[in-house]
Every structure is written in structure tokens, then in C-alpha cells.
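Next come two complexes, and both contain subunit A; in the first it sits with subunit B, in the second with subunit C.
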Partner chain A sequence: MTPKKRAALWRIALLVGAVGGLEILCLSGHIDRLTMQPPHRIVMDLVALLAGGELNGAIAKTLRNAALAFVIAMVAGVSFAVLLHYLRSLRDMLDPVFATYYAIPMFAFYPLLIVLFGLGDTPQIFIGAMLAVVAVIVNTLNGLDRIPRVLLKTARVNQLSAWDTARLVMLPCAAPHILTGAKLAVAYSLIGIIGAEFIMSTGGMGYEISFAYMNFDNAKMYPLILLILLVSIAINTLLAKWEKILMARRGLS
Partner chain B sequence: MTSIMTTSKPITPTRTPSAPGAAQVSLRGVDKEFIRPGRSGETVHALGPIDLDLRRGEFFAVVGPSGCGKSTLLELVAGLSTATRGDVTFEGKPIHNRIPDGVGVVFQEDASFPWLSVRENIAFGLRRIKIDPKERERRIENALAMMGLTSFAHSFPAQLSGGMRQRVCIARTLVTEPRLILLDEPFGALDQQTRLLMGDEVLNLWRKTGATVFLITHALDEAAMLADRIGVMSARPGRLIDIVETGWPRDRDSRIVQEEAFGAITARLWRSLRAESMKAIGKPEVEP
Partner chain C sequence: MNATSSGGSNAGWFSALKLIALLLVLWQALAWMVGDVAMRTPLQTMTFTANLLTSPSFWPHLAETGRAFGLALLLAVVIGLAIGFLLGINRFASDVLEPVLVALYSIPKITLYPILLLMFGLGVAAKVAFGTIHGVIPIALFTLAAVRNVRPVFVKTGRVMGLGTGRMISGILLPAAMPEIFTGLRVGFSLTLIGTLLGEMFASQRGLGFMLMNAIGLHNVDVIMALTFLLVLFAGSASGLLLFLNRRLYQRA
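Moving on, here comes the complex of A and B:
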């Protein structure tokens, strides 16, 4: 067995152990039902919840807004990074801002955003995109910095326009780094949207969780948390797979 | 060195004559200075003055001590940079920091695109060239075959050896059917035996394509074996201090390394270069 496989086995064992332990603690009454449902119950509740369809609207809203925030962050982040790559002085000016960006408690500005954008979905999407965009910028810049000069010369020899050079040489070359940014952006978009729904909103999964929490409605709260976990893990696994394919192609596993 | 341009003035201005031996590239009083990074305004004289004519269809090699400006010279001819002084023309037209059509470049470093398969890498060379799909396929298959890459068409560069990656880059240039091929130490990273064999392949493609080849190398034997003429450069700022005619037949191959003349050429190159190479590594001349 390779060390990698062994590590994977241990990881699964740990997960099964933790969930199993939780199950036993819940069933034996050491954790009372008001605090938490046993895991098997959460799964059953989730299935029932999804089958019942009562939360479909909330789930769709959250996922749609997170997807929107993600796409905005990717498009804006990658474009801005390419721009910064060419504008050295602007980049030197902004570098410290990027370095300290995640020390800023973005949610503290939420009330301000509501004043600016109103009570609709816009302030939530804005927060999700703002959280995600810097991870995309920083990682894309990192990738652009590592493009070998000889590849850019090759682009010139092949008489590529600036647009084609970016599209056909720079971005593909930086793709593994951009994908790293994308993985973070998925997480940040979800955090941004769900966090904002928690604070002040009338819909979405974050709102439903907080509403269920206020009402001691564990049959709704835990399945929703589980669903968020599953969605986030699924998207990340998909991106990681893609990243792996790109890296393997380049002989970097 | 006599100027060929002055002897064969083109009568019709529409197209330069394609007779073999006519000057295809000419450099007149070419100098290149770089602004030294960091210090304000200070310049490094990297190259020149250089006067040189490349004859259409010839195999011209350049040897010189390291850092003498060989790559700088190649980039000037390729149109990748502009001369500080002097004129560079390709087929009669001046090159102004613009890559002329009909010129292919293979760089010193590996320039294959790691995210594209061998085939896609080669097809990349044809992006800008408008030809029908059949001709496109034919050229790609041809280049693959010529560089011995047919069975690796769907591999990625990471799965190939360094020499094979350089061959991908050569193939990517070949598909454009360049009239001038610039090679900057393409086999610098290879072992001696492989280099000799790669030399044969370059000779082959030179014969088959009829293109002019301008090869930069630091290996004197490689230059002596491959070229019709060899330009010897001084230490920085690089100037041409000697041009050696080898007089090899067109259908030569690496077996000429056994010939007497080969030894004589290599010896002459080394005589010209020894003092310059000493300068390049910072040692004063001892011999008069």
C-alpha cells in the first residue's frame, strides 16, 4: 500500500470513527436531542427535506447567489490580475492591501452595503464576490509571475495579438494557479452568501438555518448544515480533480 | 567580407530575387545597448558594430564566448528587439521591432507549451496562417514525421525528454515553412552523442526545406560540422572577428567529423576564439 493510500484510509477511518462516536453519544443520551440529532437522523431528515421540497426555494436562492458571486469574483479577479500584471506601479501600491485584505472583517460593512444596495440579494452577492475576489487576484498574479519569458517570446514570434497572448498563452500557463484561486473562491462565495443570509435576509439557506436555530428546529437546522458541507466538499473535490489532471499533464503531481 | 547587396541591386522593387546566394538578411552598423537595470541611465554595450549578410539558402553558424551577445544578435534578426544603431533588413524590408513573416525561431530555452499535446503545440505554429484544413494536416503530419515525433503526437511535453521537447519547438516552426530559421543553441542541454545526431536532423531539414539557417552555438565542433560559413564573435560587445568558409558539400552529415578539414576548421575557430574566451571569463591575455 502506498503512503498516500494509507493516509486516505486513515482519513476515512477517522471520519467513520467520529460519526460513529457521535451516533453512540446521541443514542445513549449523553448528548440530548435538543442539542443535536444522531447522525443517521440528520441524514434521514435531509432526505425528507429534499424530497418534501419545502426548502427548494431557499437552497436554490443560496446556490444561485453563491454561483453568481463566484463567477463575478473569477471574471473580475482574473481580468484585474492581468491588468495589474502589466501595471507595475499600481500593483506595487496594491500588494500590501492584498496581504492584509483577509484581516478586514468584511461582514462589519454589511449594514453599509444594505444602505448602498437595498435589502435585495445585491449586498449578499457583493459580499460573497468581495470575499472571493482577492483570493483569485493573488493566485492569478502568482501564476502570471511564473510564466517563462520564452513562452511570451514564442507568442510574439507567432504574431499573437495582446488579447490572444493573454487568452492562449498567459492564462493557460497560469491555469493551475488560477484553479487554486477558484477553489478558495468557491469557499469564500459560500461563506459570504450564507453569512450574509444569517445576519440580515428573508431567505436562503443561511436564513433558514438561523430561523430553525431560533426555534429549536433541529430537524431542519442540522440537515441544512450537512447539505452546505456536502455541496462545498463536492465542488472542491471536482476542482481538485481538474487541478490534478492539469498538473499531471505538466508532470507535476 | 564583400557586400553582396551592392553587387546585385534589385531592378524590380516588387520582390527580392530568390536566386541562391542573394542576401536575405543584412545588418549594417548594428549596435545594441541595454539600459542597466537599477542604475539610472547607465548602458551596457552588448553587441556591435556588426555588418553581416546572410545569403539565401546558406547555413550560417555563429560561435562566441558566453555573454558576448549571440542571443541579442538573434533577437535583432528575429525582430524581437530593435537595434540601438544601424539597420537590419529581411528580404529588403527593414525590421522594426516587428516579426517579419517567413521567419521561424527556436529559442535557447524550452519553449514548448506544457498544457498542449505535441500535436497541438505544432498546430499552434499554424494559427495565423490561412490554409485549408487538408494542407494543414499535411504540414503537421510532415513536421511530426520529420522530427521523429509521430508516435508521440498525443503525448504532453512533460512526458518527453529535453531533446524531444526542442524537436517539438523546431516542428512548430517548420509547419510555417519559414524561409529563414533562427536557432539559438537548440541543443545546448543535450549530451554530445545526441547533439551530433540532432545536427544531422537539422542538416536534413535544411536540405529538405531549402531555408536559410542561422544557428547559434557555443560548440565549435557543431559549427564546424553543420555550417557553410561560421561567424566568430569577440567578447562583449560582440563583433564579428572572423568568418570561416567550410566548403562542405550540401549532402554532408555528422560523419565529416572524421575528415582532416574538420580538424583544421575547428582549430582555426579556436585560434580566433581563445583570447576572446579568456576575456569573457575575466583573465588577461598572456600570449601576444
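Moving on, here comes the complex of A and C:
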């Protein structure tokens, strides 16, 4: 057995042990029902909730808003990064902003955005896109910086226009780095949307959790939390795998 | 990221001033566009912030947030460093647990907050716990990677000299891995602050996050603008300072 496989087995054993321990603690009454349901009940409740279909609207709303925030962040981020790549002085000026950007509590802007846009989907999408966009910009710039000079010279020799150079040479060449940005952007837009729904909203998965919490409805709250954790871990794992494959193909890993 | 615009040189200061001027102009323009219902101009915000800072009702909230943040940061640093060193020294343990930490890092942690509230009750303990789980993972991950990347010859030298684990950490691993560990502490600082505020915004009866959410209910744009301004100012300058110190550490290493 390779050490990697052995580590994976241990990891699974530890996780199973943790869940089993929780189950025993809950069943024996050391953790009371008002605090937490036993894990097997959470899974059963989740299956029942999903089969019942009452959550489909909330799930669709959250995923749709997150997807919208992601697309906005990608389009705005990549085009702004290409612009910055040419405007050296603007880029030098904005570098400190990018370096400290993720230290700013972005959710502090949420109340202001609610006042500006009203309590609809717009402030949530805005927060999600704002959280995601800088990860895209920084990683795209990183990719653009690493384009081999010879490719740009070849483009000039072949008299490609600026648009064609960007489309045919620069963006494909920077693709693995842009994907790294995209991976972060997916996580950030989900965090932004769900966080905003949590704090104040009228619908979506985050809203449903906070509503269930306010009503001590553990039979609904825990399955929803489990669902969000499963969805975000699944998306992140898939993207990380894909990124690894792409990086390996370019010999960058 | 390049470091041309950092440091104490005149060009760096000039660039920072230009950036601040640009942000103020953007803010002013936005305020004029949006109008008085939803936003305030920079000057109005700063005047109101000065008023807020001199009003006695503000300080208990600030103290509450400060205490929660301080405690959370202390816990995050201690636990994060402990996990990081343990896993960094033990290759197999880190193979088992590092993927778990990475998965935890990328999930929307706000979904876990109701569970913490049920465990700790509505008070400062839940906020501290929530801030801590935001900060502890990056500190652990950065420390782990830093300890693992210490040059093997240092570790071998220590072993030849017969150092115990404690002396090995304090005499060799900590100094050698300091710049990367500091990066982890910097990220941990920001995320702990974000976590603490987020917790206050979702459910609490005191603190700056609570004041922000309360102001939405009262449609008090002055308070929203002033608090957002203060929080961004604090987070931005603290992170800038830590970034500066971090770069100094790297230059010395």
C-alpha cells in the first residue's frame, strides 16, 4: 500500500470515527436534542427534505445567484486584468489594494448595498461578485505575466490585431492561471451569496437555515447545513482535480 | 506580486497618496450620483464618524467587538500554531489531516454559526468561537507548509546536536519558518476579524456588527456609512502594516 493510500484510509477511518462518536453522544443523551440531532437523523431528514421538493426553490435561487455572481466576476475580472496588464502605472497604484483586499470585511458593505439596491437579489449578487472578482484579477495578471515573450513576438510577426492577440495567444496561454482564479471565484461567490442570505434576505438556502434557527427547527436546520457543506466541498474538490490535470498537462505542477 | 510600490521610498508614498485621492474622488462621485437617501459624501461621513467617536454610547459596542476579536485571535494563533507544528513535524499525520483542513478552509463557514450558537448560547463565547474557526485554519495551513519546507540540513544539524522537540521548535523551526508563519498570522488576523463581525451581524445584542444591522432597521445611513468607513479603515491599515512587516521579514531571510 502506498503511503498516500494509507493516509487516505486513515482519514476516512477518522471521519467515520468522529461521526460515530457524535452519534453515540447524541443517542446517549450527552448532547441533547435541542442542540443537535443524531447524525443518522440528519441524513434521513435531508433525504426527506430533498424528496419532498419544498427546498427546490431555495436551492435553485442560491445556486442561480452564485452562478450569476461568478460569471460577472469572471468577465469583469479577466477584462480588467487585461486592461491593467497594459496600464502599468494604474496597476502599480492598485497593487496595494489587491494585497489587502481580502482583509476587508466585505460583508460590512452589505447594509449599505441594501440601502442602495433594496432587499432583493442585487445586493447579494453584488457581494458575491465583489468577493470573487479580485481573486480573478490577481490570478489572471499572474498568468499574463508568464506568457513567453516569443509568443507575443510571433503574434506581432503574423500581424495579429490587439483583439486577436488577446483572444488567440494571451488568454489561452494564461488559461491554467485563470482557472486557479475561477476556482477561488466559485468558492467566494458561494460564500458571498450564502453569507448575505444569512445576514438578511427573503429567500435562498442561507435564509432557510437562519429561519430554521430562529424557530428552533433543528429537523430542518441541520440537514440544510449538511447540504451546503456537501455541495461546496463537492464543487471545490471537482475544480481542484480539474485544475491539477490542466496544470500537469502544461508541466506546471 | 511585485514590491516596487512598497517600502519607505518617496515614490511609494506618492503612489499611496494618489491611490487615496483616487478612492476619495470615486466615493464623492458615487455619493453625488446616488443622492442623499442612500449615501453620504466622504466629508459628511468623516464628520459623523468624529461625532460617533465622541459619543458615549459607541464605546461599549467597540469594547465588546474588540474583546471578542482579541480573544478569538489569541485562540486562533495558539491553536493554529500548535496544529501547524504538530502536523509539520509529523509527515504522516499531515498527509492524513491536511486535505481535511483544506476542505474546511473553502466551505462557507457562516453555515456553522447556528450550531455554535446552540452550543455556546447567544453571547460573547459564540462570537469568539466563530472568529476562531475562521482564523485557525489558515494559520495552521501556513505553519504546516512553512515547517515542512524548512531546509532539511537545519533539521539534521539540530538532530546531530541532540536537541529535544521543544528546543528544536524554538531554536530551529520557528526562526527558519518565520516569514511564512507570519504570512499565515496575517491572513488569520484578517479572517478572524471578518468572522467576529459576521457573527455579530447575524445574531448578537452588542458590538459593531450589531450596530450595523440595527442601523439598517432604522434606515440610519449616517451610522452605516460611518461604521463601514471605520471598519474598512481599521482592517485596511492593520493589514497594510502587517504586509509591510511581512515583506521586511522576507527580505531579511
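Here is the rule we use: the second predicted complex is superposed on the first by the 249 of 253 C-alpha atoms of A that agree within 3 Å, B and C clash if a C-alpha of one lies under 4 Å from a C-alpha of the other, contacts with A are read in each partner's own complex, and residues count from 1 in each chain.
Rule of thumb we're sticking to: a residue touches a chain if its C-beta (ideal position, glycine included) is under 8 Å from a C-beta of that chain, and two chains touch if they have at least 3 such contacts.
Worth saying up front: this structure is predicted, and the values here are computed from it rather than measured.
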Just subunit B (first), just subunit C (second), both, or neither: which does A:Ala175 touch?
first
On the A-aligned overlay, A:Ala166 touches which partner chain: subunit B = first, subunit C = second, or both, or neither?
neither
Under the stated touch criterion, which partner chain does A:Leu246 make contact with: subunit B (first), subunit C (second), both, or neither?
first
Superposed model, subunit A: greater residue contact from subunit B or subunit C
C
So, A:Thr154: does it touch subunit B (first), subunit C (second), both, or neither?
first
Do subunit B and subunit C touch any of the same residues on subunit A, and if so, which?
none
Per the touch rule, the subunit C residues reaching subunit A in their complex are 1-2, 4-6, 15-16, 18-19, 22, 34, 37-39, 92, 95-97, 99-100, 103, 106-108, 110-115, 117-119, 187, 189-190, 193-194, 197-198, 201-202, 212-213, 215-216, 219, 221, 224-225, 227-228, 231-232, 235-236, 238-240, 243
In the complex, subunit B residues that touch subunit A:
78, 80, 99, 103-105, 107-111, 113-116, 124-125, 127-128, 156, 158-159
Enumerate the contact residues on subunit A facing subunit C in the complex.
3-4, 6-7, 10-11, 14-15, 34-36, 92-100, 102-112, 114-116, 138, 187, 190-191, 194-195, 198-200, 206, 209-210, 212-213, 221, 224-225, 228-229, 232-233, 236-237
With touch defined as at the start, can you tell me which subunit A residues reach subunit B in the complex?
148, 150-151, 153-154, 156-160, 168-169, 172-173, 175, 246, 249-252
